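Worksheet: one structure, shown below.
In order of appearance the chains are A, B, C, D, E and F, and numbering begins at 1 in each one.
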Amino acid sequence: MRILIVNVNTTESMTETIAEQARSVASPSTEIIGLTPRFGAESVEGNFESYLAAIAVMDRVMSYVGPYDAVIQAGYGEHGREGLQELLDVPVVDITEAAASLAMLLGHKYAVVTTLDRTVPLIEDRLKLAGVHERCASVRASGMGVLELEEFPERAVEAIVEQAIEAVIRDKAEVICLGCGGMAGLDQLIRDRAGVPVVDGVTAAVALAESLVRLGLKTSKVRTYATPRPKKIVGWPFKL
Amino acid sequence: MRILIVNVNTTESMTETIAEQARSVASPSTEIIGLTPRFGAESVEGNFESYLAAIAVMDRVMSYVGPYDAVIQAGYGEHGREGLQELLDVPVVDITEAAASLAMLLGHKYAVVTTLDRTVPLIEDRLKLAGVHERCASVRASGMGVLELEEFPERAVEAIVEQAIEAVIRDKAEVICLGCGGMAGLDQLIRDRAGVPVVDGVTAAVALAESLVRLGLKTSKVRTYATPRPKKIVGWPFKL
Amino acid sequence: MRILIVNVNTTESMTETIAEQARSVASPSTEIIGLTPRFGAESVEGNFESYLAAIAVMDRVMSYVGPYDAVIQAGYGEHGREGLQELLDVPVVDITEAAASLAMLLGHKYAVVTTLDRTVPLIEDRLKLAGVHERCASVRASGMGVLELEEFPERAVEAIVEQAIEAVIRDKAEVICLGCGGMAGLDQLIRDRAGVPVVDGVTAAVALAESLVRLGLKTSKVRTYATPRPKKIVGWPFKL
Amino acid sequence: MRILIVNVNTTESMTETIAEQARSVASPSTEIIGLTPRFGAESVEGNFESYLAAIAVMDRVMSYVGPYDAVIQAGYGEHGREGLQELLDVPVVDITEAAASLAMLLGHKYAVVTTLDRTVPLIEDRLKLAGVHERCASVRASGMGVLELEEFPERAVEAIVEQAIEAVIRDKAEVICLGCGGMAGLDQLIRDRAGVPVVDGVTAAVALAESLVRLGLKTSKVRTYATPRPKKIVGWPFKL
Amino acid sequence: MRILIVNVNTTESMTETIAEQARSVASPSTEIIGLTPRFGAESVEGNFESYLAAIAVMDRVMSYVGPYDAVIQAGYGEHGREGLQELLDVPVVDITEAAASLAMLLGHKYAVVTTLDRTVPLIEDRLKLAGVHERCASVRASGMGVLELEEFPERAVEAIVEQAIEAVIRDKAEVICLGCGGMAGLDQLIRDRAGVPVVDGVTAAVALAESLVRLGLKTSKVRTYATPRPKKIVGWPFKL
Amino acid sequence: MRILIVNVNTTESMTETIAEQARSVASPSTEIIGLTPRFGAESVEGNFESYLAAIAVMDRVMSYVGPYDAVIQAGYGEHGREGLQELLDVPVVDITEAAASLAMLLGHKYAVVTTLDRTVPLIEDRLKLAGVHERCASVRASGMGVLELEEFPERAVEAIVEQAIEAVIRDKAEVICLGCGGMAGLDQLIRDRAGVPVVDGVTAAVALAESLVRLGLKTSKVRTYATPRPKKIVGWPFKL
């Protein structure tokens, strides 16, 4: 099985981290292909950058040559997943929804700890649209920007742990979702410190994508995610 | 006052229709500038095309030279408004929300009559995110594609009227919103046939944009729509 | 165009303040007529007074002689708007909903800062019925009674600013609505202090009422707001 | 124990029917006092009439001389209950909420069958505000006006039964609430025909009011229903 | 009239307290029969114990010999009420819903003060399923286990009062429900201390059960609570 | 890895079918152990039987000797999962939620096709509590009892296909969940007939259980699913 995992920003090192994290849980027979968008922001922390990422991810996936069985969009709370679902037949898994789906199997309420406060409403809106917000206790910001996670890993862990504990105590969360693709690999550390299960979106998405493929399940094509009608499109696929 | 009204598709004639409709209700001192995206689909009828339109609209607005007081995004149920709100200080009005906002002042429940069935979930989701879905009785599809509205105007009117009447009788709607920028100008015709107020998103958006400008109200910059942080962005602005 | 703006309490000076505020944003060709109910409380701060105001407003509007194009009910969170909509063909705009409608175009969440804590549930209920509560971050009380706003303007500003800032910081509001007709004129002051857009219901309602009239939109008469059936009514219109 | 049961319209014969129905289930030691408003419509079938009834009911109760232990407002889906709760210390029970409260103990979902279609949204809104709408399968109109219930009792029963059966079959209601004070006494007849429990609001309200009195429970006075502040009120109490 | 009131735990002394409390408000002609399950936990403070209680209560009721008119399940937030409703024709009243139903007649929002924090989600879930959660301000834990209520009555009162006051001040509750059958009898004490009406589930359930019987209302048998189909059941009724 | 999959009814042949279905998708290294409750109904089609199943499943799992890594409760819409989560440290997956979780990754809305109409409210309630009901288009009954699925497989397929197609056309479902453990194995047949993805709860649960185990994720023990407190429990574990 081959799974494409697409970063939402243009920072190659983050694509590598994400792909590595994905490989750490993938089945031996699963090949993980990490992809970096050809355009967009070095980190995605808001709607403009996220919308740009949405089509950059579609552009990157559509320009990938060769077969694959599933696609993972590795941005937390980002736009675009529905577009990929229209363009593809294979399953598309967003790490935001993947983390929430598994978290809901582990506790009565879950919380998300993300990067900057400005991204909180995006994440909440994406969880609402995905239909998994009902049992979300809170989305909390650590105050660390996406790129700062890599730069200051120790400070990042402290900041995330602090919010995770607040989420458990004040918001009554029983499970924590790591709200950024760049937090991949921190789950066990946070779990030990916060005392509750911690779900990383990337590994959750790998498990779910493999599950869907194994069960022979594909995106429904009857209505919302039907293949786009043939029509004249100017400037697509992008040639940059 | 100058208001930019941006079409979401690349069909110039539709931009003209929309701008003309906008001018028909604008104050004498308001200048309406119609803009067509430089890339994207000739009509937007789904998520992929809508996401592409989202950045094409941002691209077009950002490359517009000269001052303006407000921006109207003239696509029904499309993505992208939040991105524009981050990039700009002036008010941004989406015709989907504009129509719903005024409709809610006129009746207990409103319905939307749109083009193809596949766009219904997008519109519902956008209404939910905008916080104006609670009193939406239904979103109904006329079965007419966006471009067919121009091509077969009489059949379009029949199809829209039919669904409008169904919405009133079955779904208990008391007001109808025209769910496509390309329906601009049909409101009075439909109103006469369906017997209820009909709100056209384009004219509603012009009135609301002028209102916001007149009251000195601008997009809040404290959180969700804060200006994007300065960072490295590859391939933006687009050079096609 | 002539717009009737009806105060909900019997304090004439407040009617004047409201009408003056309305005139400050009305189009030059719009005539604003301020009306004071013939009976009711000097200030409306609860359900009993609000119900009394509901019919006092209807009584005052129905006894007004001469044509008009729209009616504004200038009480925040008060009962009665639906009754006016049944009795009239012209648009009826309530300042509670007007403020919320415009606030939702400016930020992801809005808060209302009102007078006394006891009025908070009324306002919340009215926002719910109006279908604009989903994105309401909070309704907060300044602790100042309606008449104290006029009597102690400086203390009022301080108290409102304090709650506005709390709403932004704690409740994550991005826009503030001034939750009392008697706060008319304070919007710019509060905006400067709180750092977010501030929407005043009276000016918002004027802009919306003018918008509806300009667009030729009237209250739907098919169901909820159909004209009352002819029937025997004792003691109406009131003769006091 | 003495319970005041107040009709919302000015039709004396309906007050008598309601009071008689109340007496049929009241405890032997409970005295039922039927009251008719001094002003208002002969039947209440919409917002204007309902708002008028709201204060007419308050006027009638406040002008009643002598002690009493509870008040029942005997209009289905009408405004005003919150005002009475502010003015009084004794419990106030609205027949709309009383019927729903008991219905929810008897089945998974309940439906309301009321008079005219135009009153359906009022009833839905009142059920929402009362917090008992979640398990409401539907509110259906029989098409019979309030006064027609008395005039054409047989046709009324047929029309109500028809809608009750539709509610059970199509809307999956398991219990029916009779949605008009004027339907008092029809419950057993409808029950036999529709095959599900039928709750009459008047008798439900009597049982609940007696329950509250017996348990020594009174309206909370800490916030929403606190006694109105002392202030100048023009024209109240009404002198007609 | 004979009402069975079934404790959910196996502590006989608690059954007696509950039955005594029930008798204190029952009509003179009502006979209250207290029943203790034949198996299960000495106190119910979680899902496992609550599920066990669900069938233990059914087992106890089904093995009761002799006629009765209604059944009260006297556990706060426990599973099982729907099963009893299937097995019986007479009304079944759960104290959780009974308390909420009456509380909603007394104030705009109510709060529940219960025993241990771990039971809060169960109570919230039961209130949601019962359709009476909308106006629930909060469910708060006193930190006292069920059996500690009997053992340390003074400490229990202090802990409950503390949370009741917090619920009023912070969560804006206007009525308090006592969230444990073992709190029976504390209502007046808490009411005096917290300054708001306090509803005890046991007495509320007695009043409601008597009301239903008096009105001739029984559980609907058309769908959810239809009598179980005849089928082979191993090990039921339990013989321990 | 060893996964226990527990039937909710006492029909051994159904346990075998379920276990066989589970094995068909399990990883080669996963051992599937099918368990049949020691007591309860031969089929579970309502609340009484479902509550009985809840503890029968707990009884069976707790009396299983030997290690295991996860437990699957193989009843659609049944009670009890929360109890198992308290008693165990390993993940517990309910097929109702498993199917919904995967379905939500494949389409905008899903529907459930189940057995008898009387079980529909149970399923809806379980989906609500699980937080996955928001995107449920409908739950539809095929009219076939649980045991009839085995007895009349052809009629069952026809009845399920009919409802699946109705769900797609009328309710706008884009994915179908098979709403009964006894429908295991029918997914491909239904998929071919209905033209949309069909999710079988048993195989979905196996994939999710394996996923959780592989990712090292376990049930949170901080609040709702904390291990029961040590206390005196009469008659447990059951000895029948």
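The working rule: a residue touches a chain if its C-beta (ideal position, glycine included) is under 8 Å from a C-beta of that chain, and two chains touch if they have at least 3 such contacts.
In UniProt terms, the chains line up like this: A, B, C, D, E, F = Hydantoin racemase.
On a predicted model such as this, the values are computed, not experimentally measured, just so you know.
Enquirer: Work out which of C-D, D-E or B-C repeats the contact pattern of A-B, with more than half of the residue-numbered contact pairs in common.
Expert: C-D
Enquirer: Could you work out which chain's C-alpha centre is the most distant one from the centre of chain D?
Expert: Greatest centre separation from chain D goes to chain A.
Enquirer: Chain A to chain F: how many Å between their CA centres?
Expert: Here the centre of chain F sits 28 Å away from the centre of chain A.
Enquirer: How many angstrom lie between the CA centroids of chain B and chain D, rounded to a whole number?
Expert: Centre-to-centre distance between chain B and chain D: 44 Å.
Enquirer: Counting only residues that touch at least two other chains, what does the list for chain E look like?
Expert: 108, 120-121, 172, 223-225
Enquirer: Can you check the complex and tell me which residues of chain E touch chain D?
Expert: Touching chain D from chain E are residues 25, 27, 91, 93, 97, 101-102, 104-108, 130-135, 168, 172, 174-175, 188, 195-197, 199, 203-204, 207-208, 210-212, 214-220, 222-225.
Enquirer: Can you check the complex and tell me which residues of chain F touch chain E?
Expert: Residues 10, 38-43, 45-52, 54-56, 58, 79-80, 82-83, 85-87, 117-118, 120-122, 125, 128-129, 145, 223-226, 228-229, 231-236, 238-240 of chain F touch chain E in their complex.
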